[in-house]
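Two complexes follow with chain A in common, the first pairing it with chain B and the second with chain C.
Right after this comes the complex of A and B.
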C-alpha cells in the first residue's frame, strides 16, 4: 500500500507550482542577500560590503522611510482593529439594513488602489477639494491634506483605512458569529447589559479575529506601496516615503544594489516584527 | 456560509426576547445612523467619481459635487478610449490575458499542490508548510526577480509577468485548497485506487471536480487581485506596448492633469470588471477572504 500511496500522492503534482515558486520567489529572495552587498547593474556586480546599508541609515531621505513605514503600519493597523470591531458588532446585531451596510463597507476592498488614491487626492485638494469645502461649511479650517508635511502620511493612512476596513469588518463578523450563543444566555440570566456583552464576551471571544486583523493589516501596512505612490509619490520632498517607495525610486535611478538593500531591510523588519507578533498572538489565544 | 447563517440566527434570538418601544426606537436610530454614515463616507466618494466623469473638462475643473449642466459621458469615454492610439483597449486586452491565464494556471497548479500537500504527511511537510508561510509574509525581492526573469529571457514579457503572479499568489491559494481538501474523505481516494485509478486520473477526474467550490473562490479572489495589481506590472512589464489597465490609469494621471473628467472616466471604466464580480460573487468573495485569513 505504501508504494501505491506514494504513487497516488506523487510529489510530481507539486512540482510545477513548486518550481515556479522556487525560481520566481524563493531564489530571488535568497539572492537578494548577496546582491544587497554589491554595486549592481544586472550584467555586472562589484562587491562593496555594507556600503548600501550604511547609506540607508545615514542618508536622511532614505532613513525617513523606516519611521514612515512603522507609523503607517501602526496607524492603519490600529484603526482597522478598532473600526473593524465596532462595525463588526454593529453588523451582527439585528439591523434590517445589515446586508446593505456590509456590502457598501466591503466594496472599496475590490476597487483598484490606484483609482482610490487618485480620487481621494482630488477630494483632498487644498483649495477646491470637497473635504475642505465641507469643513468650510461647518466653520472649520481646512487642511492641506497631502501638501502639509505634518499630516500627509496620516492622510494616506486614512485612505488606506477607508479602503481596507471592509476586510477587517468581515473577519470580525465571522469571528463574532462563531461565539457560542450560550454566553449570551448566561449573560442574560446574570442580568448583564449591552456594555458587558461587548466588553466581557465579544471582545475576548473574538480574539482569533483580532489576531488575524492585526497580522494581516500590519504586514500589509509594512509592505504598502500602491497607495503612497498614487497619492504623493513620497512627497512633499521625502516626507511620505515608505521603504517600498524608496525601493522603487532607487530602482528607477539604476541603483540596483541599493534598491535590493532596501528589500533586505524590509524583509528583516517584517521578519523581526511579524513572526514574533504572530507567535505572541497565537500564544495568547491558547492561554485564553 | 450556511453554518454561519444559522448561528447568526440563534445569536440574534438570544440577544433580546422582547423589544419594548424604547429599544425599537433606539434600533431605528442606529439604522438611520448607519445609513447616514455610509452616505457620507462611501457614497459621496463614489458619487464624486461618477458625477465628474459625466462633466465637460471646464466643469470638472471645479472638482465639485454639483450636477453637470450638460452630460458628456459618451464623449469622455470615446476620448479616453482613443487616447494615445487606443492605449486603453490594449491595456484591457493585456489585463484580460494576464488575469485569465494566471488564474487558470493558479487553479490547476495550486489544486494539484494542495491535493498532494494535504494527503501526504511526511518528513517534508513541516518544511513545505514553513515555505508557504514565508511566502504569505515576506515581500518579494524586486530587482533579483528582474535578474532571474532577465536570465530566462522573460523580463518585460507577458509570460514573465504571468509567472510572477502565479508565484506570488501561490501561497494563499494553496492554503485555501489544502483547507478544502481536508473535508474530502479519503475513502473516495481509496475506492478510486482500488478500482484501478492512478494518481493522475484520481486528481483530474474525481478530486478536481469536487474542489469546484474552492476553485470558484480562488478564481474570483485572484481575478480581482491580479486585475487590480499595479506594482508587479510596473516593475516586470514596463513600456507603452505592454500597458495594463492600472499602469494606464497611472500614466493618464500625469497626462490629464487639467482634464479631470477624462481621468474620472478612466477610473469608472476600469472599475466595471471588479464591480460585476462583486455583484455576482459578493458572498463567495467574503467567504473566501475570511476562510483564507482565519486559517492562514
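Right after this comes the complex of A and C.
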C-alpha cells in the first residue's frame, strides 16, 4: 500500500496549495491575533496587553452593533428559509415557465452587493424614490425607509433577503429534487393531499437543505457588512451599525490594533454561535 | 546574411514585438535567429522552431513584466533630465491642480519631468499613504492634509525637514503651525485657505428683505422668515454624514472667543465638550436647527451633491458648508455662482463675529526618496507666487492664499469676496483639528444623531467626549 502510494503521488504536490494557504490564510490569522494586543500604526507597534479588547467592549455603539447584528442575522436567515422553501416548492412543481422563473429568482445573487445597495438606497429615497412614489399612487403613505431609525435596519435586511433568497431557493430545489419519488407514491396510496405532501414529506426530508441555508445565511448575516455600508454606512447616526461596520470605522480611523481586536472578537462570536448551531442541526437531520 | 532579406520571423520581431523590449534584446533574438538560419536555413528543424517559439514567448513575458515594473518606479527616461514623482488624491480638482503645477514647472525647468500619480481620497487614501510610507514606496513629493492628520504620518522618519528653506519666509505663520512638529516645519502650502460657514442664496435674501446675520439669534430669526415663505431655510445633507459636522466645526471661532484655552485643555484631557458651556453651545446650535424644523424634508437622504444643487437652484436658502464647495458650484452652476454669498457662523454677540479657517493641504518631500534636492526645488515652486498663479488657472480659490505675495485672480466668486474682510480684520481662527491633534472618528455619526433629533445636545457632546477618548488612547497621548 505504502509503496504504491509513494510511487503514484508525492506529498510535494501539495506544496503550491500549502504555500498559498499558509501565506494567505494561516499567517495573517496568527498575525491578527498578535496585533490585536498592540497599538499598531502599520509602521510600528507597541504591546499594550488587553487594552484593545477592553476599549472595544467600551465602544458606545457596540451594544447597538451586537443587537443589530443579531436582529439582522435572525431576520435575514428566517426569511430566507421560509421564502426559499416556498419558492423551492413552487419551482419544482409543474410550471410552464419554471426554468425562466428559476433564473429570475437566482439573478439578484449574481449582481454586485454594492450595486444592489446603491440602487435600493435610490429607490428608497423618501421623496424621489420609486418605492414611495408607487405607494403614493396606491394612496398609501410612504416611509423614510433608510432615514427612520425604527425601520432602517429592517429595510436593509429586506434588501439582503431579496438578494440572497435566490441562493437559498437553489439549495432547496436541489434538496427537494433529491427526495426519492417512493414517498410521494406512498402518500398517494394513503390518500394524502397537497398539504400533507408539503408538511409531512417535503419539509422534513429537505432538512439537509434547510440546515445548509440556515448555517450559510446565519453566518452571512453575522458578518454582514457590504450591504449595510453601501446603503447607510451604519447611519443615521449609529442606528444601523453592525459589528463589522464598527470594526471598519475603527480601521478607517487608523486604529489598526483596535480594529484587529474587533475582528478577533467577531471571529470568536461567529464561532461560538455558528458551531453549536451546526452541531445541533446536523444531529436532527433525517436519513433519506 | 543580407539585411534586406526580410522573412516572417524578422517581420514579426520588428513590427509586433518591438514595443515590448529594448533593442538589446531584439538584437539578441535576431542573432539567435541568424545562427539558427545559417546552421539549417529557413526551413529549420522542428527542434529549432520549438526553440525559437519558446525563446520568443519567454522574452515577451519578461518584456511585459519589465514594462509593468517600470510603470510605478519612475525610471530616468531622458539622458540628462530629472524625473520627479508626485502623489495626489484623485478628485478632479486635485488632479487639475497637480497637472497645472506639473506643466508650469516643466515649462520653467526644461529637462525636469514630473509624473503625477493619484490615490483615492478620504480614509482609504489615508491608509494608502500610510501603507506606502510604511513600505518605503512613496513618491518624491506627496500632497497630504496639514494639521492633525499629518502628525500621525511620523514626519520625523518620513518627511524632509523644510524649516530652513528660503520659501518659508513668504508662508503665513498660521499655515506653518499646521505642518510643524517639535519645532520643525515639514510642509509647503498647496493652494488657497478654506473657510467654513454658511453659504446663502442672495436672491432669496433679497426677495425676503433679509440681511446677513451677525448673531445666532438673528440667524434663527431669518430662518423663521424663510420657513414662513415656504422655502427650506437650512439645507441638510446627512446621507453624506460628514456634512452634518459643519455646524459643529464652523463654530470653533465662537468657542475660541468664549473659552480661549479650550483647545489646549481639551488636548490635555482637562476640558470636555459636555463640560464646557461654550463648546456645548455648538451642539445646541445643531440641535436647534432640527428642533425648529429648519432642515429640508429629506435631509437624511440628501447628499452633498443634492445640497449644492438645492442651494444653487434656490430650493434651499442656506447651506452650512466648507468653502471647497465653491469650485463645485462654479463648475456645475456657473451662472449661479455670483448669486451665492457667504457668512461666518455667528456667535452670541455681534462684535465677536469671525471666521473658522482651514489651511490648505501641504506638499511634503519624501525623506528616503531618490531625488530629495530636486523635490525640494519643486516644493519651493509650489509654495511661491508662481505656484499659486498656476493653481489659480485651474482651481477657483476657496479663500486667500497663505503665501504672502500671492495674487488673487480677478474673477473670484462673490462668496470668496465675502470672506476677505474677516481676514483683513484678523477675525479668523484655525479650525479645531489644526490646534488639537484629537478628532474623534465618530463625529460625523454623532452630529447626525444630534442633527436628526436622535440624541439631545448634552448627550451628543458626552458621547463625542467618549469617542475622543478612544482616539487619544490609540495615539498614546499624555493625560488620557
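For the reader, a short list of remarks on this structure follows.
Throughout what follows, the second predicted complex is superposed on the first by the 279 of 288 C-alpha atoms of A that agree within 3 Å, B and C clash if a C-alpha of one lies under 4 Å from a C-alpha of the other, contacts with A are read in each partner's own complex, and residues count from 1 in each chain.
Methods note: a contact is a pair of C-beta atoms (placed from the backbone, for glycine too) under 8 Å apart; a residue touches a chain by one contact, two chains touch by 3 or more.
Keep in mind that this is a model prediction, so the values were computed, not measured.
When the two complexes are overlaid on their common chain A, residue A:82 makes contact with neither chain B nor chain C. Set against each other, chain B and chain C differ in how many residues of chain A they touch, and the higher count belongs to B.
When both complexes are overlaid on chain A, the residue A:125 reaches chain B and chain C alike. When the two structures are aligned on the shared chain, A:233 is found in touch with chain C, with no touch to chain B.
Using the contact criterion defined above for the overlaid structures, shared-chain residue A:59 touches chain C, although it does not reach chain B. Of the two partner chains, both chain B and chain C are touched by A:42. When both complexes are overlaid on chain A, the residue A:272 reaches neither chain B nor chain C. Where the contact sets of chain A with chain B and with chain C meet, they give residues 42, 125, 128-129, 251.
Within the complex, the chain A residues that touch chain C are 39, 41-43, 46, 51, 55, 58-61, 124-129, 144, 146-147, 149, 233-239, 249-255, 257-258. Across the complex, chain A is touched by residues 123-124, 126-127, 130-131, 133-134, 152, 154, 157, 238-239, 241, 297-298, 300-301, 441-442, 445-446, 448-449, 452, 454-455, 463, 466-467, 470-471, 473-474, 476 of chain C. Chain A contributes residues 4-5, 7-11, 13-14, 16-18, 20-21, 23-29, 31-32, 35, 40, 42, 90, 92-97, 100-115, 118-120, 122-123, 125, 128-130, 133, 162, 167, 170-171, 173-175, 177-179, 181, 184-185, 188, 197, 208-209, 212, 216, 219, 222-223, 225-226, 229-230, 244, 247-248, 251, 256, 259-260, 263-264, 266-267, 270-271, 274-275 to its touches with chain B in the complex. The touching residues of chain B, when paired with chain A in their complex, are 4, 7-8, 10-17, 27, 30-31, 34-35, 38, 41-45, 48-49, 52, 62-65, 109-110, 112-113, 115-117, 119-120, 131, 134-135, 137-150, 163-164, 166-168, 170-171, 174, 189, 193, 198-199, 202-203, 224, 227-228, 230-231, 234-235, 245-246, 249-250, 253, 260, 263-264, 267, 270-271, 274-275, 277-278, 282, 285-286, 289-290, 293-294, 296.
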